[in-house]
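In what comes next, chain A is part of two complexes: it sits with chain B in the first one and with chain C in the second one.
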Partner chain A sequence: MADEPKQQQKGQRHRQAVEVRVPGTELMLVRDVLDNRMVDWRRRSLGRADGLVLVQDGEGPPRVACLESGPTVLGRRLGHRFGKWVQRLARRWGVRRGRVVRIDWAKVKSVGVDIDLNLDLDETEAWALEHWMRRKVIGRIPGHSFKKGQDHEKEGEQA
Partner chain B sequence: MSRKIHLERLLGKKVYDRDGRKAGRIEEVRARVSAEGCLVEAYLLGRAGLIARLSIPGLTQMVLGFAGAKGAPTAREVPWHQMDLTDPRRPRLRCTLEELNGKSK
Partner chain C sequence: MNSKKYLEVALGILTSTGGFLEVGAIATATQAGASFGYQLMWALLLGTICVTFLVEMSGRLAASSGHPLPAAVRERFGFNFYVFPIAAQVLVDLLVLASEIGGSALALQLVTGVDYRWWAVPVALFVWLLLWLGTFNVIEYGVSILGLITVVCIVAAFKAHPEMASVGKGLLPSLPRHDKAHYWFLAVSMIGAIISPYLFNFYSSGAIEDEWGEDHIGVNRAIAVIGMGFGGLISAGMLVAAAAILHPRGVEVDRYEQVPLAITATLGKWGFFLFAAGLFIACVGAAIEISLDGAYVFSQSFGWNWGENAKPRDAARFSSVYTLMPFVACVPMALGLDPLAVTLFSMAITTIILPVIVLPFLVLMNDEHYVGRHRNGFVGNAVVFVIIVLAAVMAVVAIPLEIKGGS
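And now, the complex of A and B:
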């Protein structure tokens, strides 16, 4: 019982997650969304929300369309010239060839300390570098596929 | 016709009113979830917007004070329809500062 106030204080220190599908919910887009970590349904990180795209159709108010992530988006924020330079580098040597990871706003479930997304990481290109590393580097190291218990399974199969 | 606006590029941009007077810098954007999606309601200008964005009011004000900021933090809330983002590099108000202050009061 004595731990309850401490737990409450701990909970208050971390911002409560806000469901973004509930009509009437107010959001401060920069504070609540921009630069927060995006996680998929298995809580695997997709990187930070480096950018946010608004779309204005005709006379209506601007609508949040998607979140963007990637070095090119971050580079653009640090200056026009620097952004172009980063984009050129990414196009030439980047694993995604300078393409930005774009997450539709409809996939956002809630925002808090992290942005919870209603998708699987493998549906996106967010881990392109990790996949490339696994294929080109880790995959070439002898014994890379060794897992605990795998040897015993093989022995059993042979017997 | 739909127009794309990159929010991260709007941040920190100086906003001028119809008469060319400075209204403040865009520091925060308030949006509300509705049936049509997440719609922008207002743009927060000035130091108060920055304080809201960093969500540590006391410390932010102290740091800004050390950096040379004087007086009470300025706060201006511009409704979305009063902000002209035809050229996102040069955001402008569709009204004058007096009209905006009259509305916000």
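And now, the complex of A and C:
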């Protein structure tokens, strides 16, 4: 039928992104924020929101201070002792020396299928392992740039 | 549908058929045919129906939400649930990958006469090279078009002049007359071989790689139904050929080298070479898909940048996973572990983790945040529920059967 409204645009998703800066916005932290992917302004992935940090300043309810990401945070979620063990390993061998990637809540723009952040990936340490692998391992194997394509984000970092 | 869509469907069907066919499906179908004639056809049919529904759902999830299956499971269920099935799945992936490498190495042994152990490392290197240099489309279409050789199995089945009445009767489940434990062990392994968990992650990640959107819901359904059905048909060809040729002669297949006997009896020398080529391509194709699946799972779990179309250096963490996987998995084969034993063992382990892999489908495919108006209907939900119950029963009996009925 000719006058039928145009099909939903390709790429349009069902979960409407919630603009978190709008006053009165309700967010389900565990359901909608925790474990979602965080992307920077160019839609490059910083990793997943592995943890949430709440702080209590003064009276009133606590507020969300930051999002955390990193193996140490994940380890802690599985158990106190396991977390300690992961942290020791990360301090000794990790490329970030066990530091956790912390994203200030003020940088969070909207929460939808992904968590959109108002920052650039390169301001953070999120890709420490990526850069290390690239420098020390992948970049040393011949043919590492043979393919022409890019990753599906279309915004793969050009070094 | 326009012609571009038709091409997309055709290529997708080839790809999903390629994903369906791997050493486990071929080996268990041959064993079943040799030991029990046509009696186990029903297990093949049941497995194919289950996998068709689940593959269609994982494609629909990716097309409608833009999220591949592992990512959606972690977001919806949280890390603490997610970590266990996914860790188990990576282990199973490695086991199945080892048996696929073993299968390709055996295909080379069949043709060259050189022991499969020597082929394990070269095969791993070959798999890695294809992943390292090829883009997603080159790999999926290349492997699946070459994989058409496996149609030789269907030809062999017809050449063996099977009694169609018995074939039809085998489609209805029946109780075994002899070797009860072995019968049920084969039924469970066949279903475990067909419902491979890696297929769902791989298929839904592939939908993202191919940039599927909501306009692909119909394409996805056609691909899942025809592709899986075609894969099931080829496995059925193997089973029928084995049932018609090996079963009357009392040949029990307990070594991979016996598998081509079902083909060579009717098709002779050229059938033998076509079978070896088909086995090699099917196994290499599956090895590629499993290695990629490992990379997809890690990347999506931790939110790394990923994509098989990316230059390896632009997705360094992603490409290091698929680099590591084949080389780790080829070790047991190079050390001379029996490929058939590894295959059957990995099928049994697959059935154990299957319930937790399938359970999320019931929730995700009804979550409007993800699939919107493309939710499961009553039939879809009923099928997933039945699969979960079936998988739970199989998970309980898998190991006792492996001990009692695994030859």
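The rule is simple: the second predicted complex is superposed on the first by the 124 of 159 C-alpha atoms of A that agree within 3 Å, B and C clash if a C-alpha of one lies under 4 Å from a C-alpha of the other, contacts with A are read in each partner's own complex, and residues count from 1 in each chain.
As a working rule, contacts are C-beta pairs under 8 Å (C-beta built on N, C-alpha and C of every residue); 3 or more make two chains touch, one makes a residue touch a chain.
Not measured: the values here are computed from a predicted model.
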Which superposed partner A:143 touches (first chain B, second chain C, both, neither): second
Touching partner for A:26 - first (chain B), second (chain C), both, neither: first
Greater chain A contact set [chain C / chain B]: C
Which superposed partner A:34 touches (first chain B, second chain C, both, neither): both
Contacts of A:99 with chain B and chain C, given as first, second, both or neither: neither
First (chain B), second (chain C), both or neither touched by A:88: neither
Which of chain B and chain C A:133 touches, first, second, both or neither: second
Which of chain B and chain C A:77 touches, first, second, both or neither: both
Contacts of A:57 with chain B and chain C, given as first, second, both or neither: first
First, second, both or neither for A:107, with chain B first and chain C second: neither
Shared chain A contacts, counted only where both chain B and chain C touch the same residue: 30, 34, 50, 77
Complex interface listing, chain A residues touching chain B: 20-31, 34, 50-58, 60-65, 73, 76-77, 105
In the complex with chain C, residue positions of chain A that touch it: 7-8, 10-15, 30, 34-38, 44-48, 50, 69, 74, 77-78, 113, 129-131, 133-134, 137-139, 141, 143-153, 156-157, 159
Residue ranges of chain C touching chain A (in the complex, touch as defined): 64-67, 71, 74-75, 78-80, 82-83, 132-136, 208-209, 211, 213-215, 301-307, 309-320, 323, 368-372
Contacting residues of chain B [partner chain A, same complex]: 1-9, 11, 27-41, 52-55, 80-81, 85
